[in-house]
Amino acid sequence: MKLTLDLFKIIEKYPVHWGDMDSANHVNNLVYLRWAESARIKYFEKMGMDTSFSSVGTGPILGWQECKYIFPMTYPDTAIVGARTVEITEDRFFIECAIFSERHNRIAAISKQSIIPYSYGELKKVEMPDPWLEEIAKIEGS
Amino acid sequence: MKLTLDLFKIIEKYPVHWGDMDSANHVNNLVYLRWAESARIKYFEKMGMDTSFSSVGTGPILGWQECKYIFPMTYPDTAIVGARTVEITEDRFFIECAIFSERHNRIAAISKQSIIPYSYGELKKVEMPDPWLEEIAKIEGS
Amino acid sequence: MKLTLDLFKIIEKYPVHWGDMDSANHVNNLVYLRWAESARIKYFEKMGMDTSFSSVGTGPILGWQECKYIFPMTYPDTAIVGARTVEITEDRFFIECAIFSERHNRIAAISKQSIIPYSYGELKKVEMPDPWLEEIAKIEGS
Amino acid sequence: MKLTLDLFKIIEKYPVHWGDMDSANHVNNLVYLRWAESARIKYFEKMGMDTSFSSVGTGPILGWQECKYIFPMTYPDTAIVGARTVEITEDRFFIECAIFSERHNRIAAISKQSIIPYSYGELKKVEMPDPWLEEIAKIEGS
């Protein structure tokens, strides 16, 4: 299925810095994951999480991520990043970030990340907390 | 004199990424200079320069920069960056960037940079080109 | 199978910078991919590629990458990164990078990347060039 | 006076990453300040400071920095960074970092940074602590 912005409840915009480009004259591959990280953090905030990560309760850990590079962005441009939960299992959930080039009006990259609930009190992975499941359902409207 | 945004003809806004903070829980000192770089590049564009830096004509080289850190920014926030030329000598000019925290409505850092005209054809520093002087005068309205 | 350094013909070492840590007090997830990029570039050099990417011949493009985060590294430490080709198809090959923490003597992350041969002369993807196949075989000793 | 490595008691080496270069095909201006930061942190460690910055005692704050760019570094290369205290006042001290290109055997940049002692208990700047003065004297051998 074609990824379009209307599939995403959370949409963020980030300007491309000239310094985001590497010596191949394209936005460096890491920068897309910086944008995905920022959109992911925004998603956590919408879920009501404390993103100062200073609590001793249960917080999110990045377990894995991937990124498919489709179209090389360049300066100047603005990245439009949509984030949504695409899968939930017993002990983690997966956020997909679609990164669009505003200037070229096309998708530039798709990233997927697994988020693991971790108890900083017990120092171990835990099951998906009920409040997380409820907030995700609220955000995604399902 | 107090630096206020109305002193600047070129003003840019950059969102603070969560990942811009280092383990001291403040925006890392390098990030302010990324913002200053982006505002400087925007200034070059307003001067009519080719910021792909692919020409063989005369281009700008960063000779020196400084940054005074006044107030530590944190995520979430937006940096508002004003850029202006504050000094011109025979063989360089100085851009000042004032970086404001939008959330705290106060100045966070002041950076100054020396820009040296360099001839990529002759591979040497050259005098300030007349078109540069004219464009700076046009931007600054003086 | 357990990943150990003796599986890798190309091994690089990168010091952890204090500034590589984010406000969660761990090396930020992007930094592992910077190390993987540097090891990948080293692999390209061993294959005899021109890593200035200035030629008009066939060069490598990063099509996709993933990273599994196993153990959170911190400053001070040194990353030991092994790189090897783990799969070759008709139009791409896959490099695996295993990232070890020298201080803790254990694996911290595993990254995998797909590398696509791209003709800058014809501006399109091409089949795996024979010299690439030969050089990979030479490196991997197979 | 010409800066040479023998003037420095603390000398660190950092490899240039390919990704440290920007689209002007030089190591980006920020990267020199990353190296200076890492060398500065190493200097703090030699002074016996807790660089996790988690204590409630007196810690160092970066008040200002400058960098003079002399020679543009490129990948591949190794930065050799010497750090030393060049000035002490009542309420701060100044570290100078000289950055040399190992490949070209010449100085590439000189950075200077002001370090301000800050009491996290009293939340205010304080005078240079006696242990800091003693440790600096011990390091510099003066």
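Letters A, B, C and D mark the chains as written, and numbering starts fresh at 1 in each.
Following the convention adopted for this analysis, a residue touches a chain if its C-beta (ideal position, glycine included) is under 8 Å from a C-beta of that chain, and two chains touch if they have at least 3 such contacts.
Worth saying up front: this structure is predicted, and the values here are computed from it rather than measured.
Student: What is the minimum number of touch steps required to go from chain A to chain C?
Tutor: 1
Student: How would the chain A/chain D interface be labelled, same or different, where same requires over half of its residue numbers to be shared?
Tutor: Here the answer is same, because the shared fraction of interface numbers exceeds one half.
Student: Go through B-C and B-D and name the pair with more C-beta contacts between its chains.
Tutor: B-D
Student: Fit chain A onto chain B over the CA trace and report the rotation angle, somewhere between 0 and 180 degrees, nearest 5.
Tutor: 180
Student: Where the centres are mean C-alpha positions, what is the separation of chain A from chain B, in Å?
Tutor: 30
Student: Just how far, in Å, is the C-alpha centre of chain C from the one of chain B?
Tutor: 35
Student: So the centre of each chain is just the mean of its C-alpha atoms; given that, what is the distance between chain B and chain D in Å?
Tutor: Chain centroid spacing, chain B to chain D, equals 23 Å.
Student: Provide the list of chain A residues touching at least two other chains, using ranges where the numbers run on.
Tutor: Residues 18-19, 23, 25, 30, 34, 37, 52, 75 of chain A touch two or more partner chains.
Student: Using the touch definition from the top, list the residues of chain A that touch chain B in their complex.
Tutor: Residues 14-15, 17-19, 25, 34, 37-38, 41, 51-52, 75 of chain A touch chain B in their complex.
Student: For chain D, which residues count as touching chain B in their complex?
Tutor: 23-24, 29-30, 33-34, 37, 52-53, 61-69
Student: Inside the complex, what are the residues of chain D that reach chain A?
Tutor: For chain D paired with chain A, touching residues are 18-19, 21-23, 25, 28, 30, 75.
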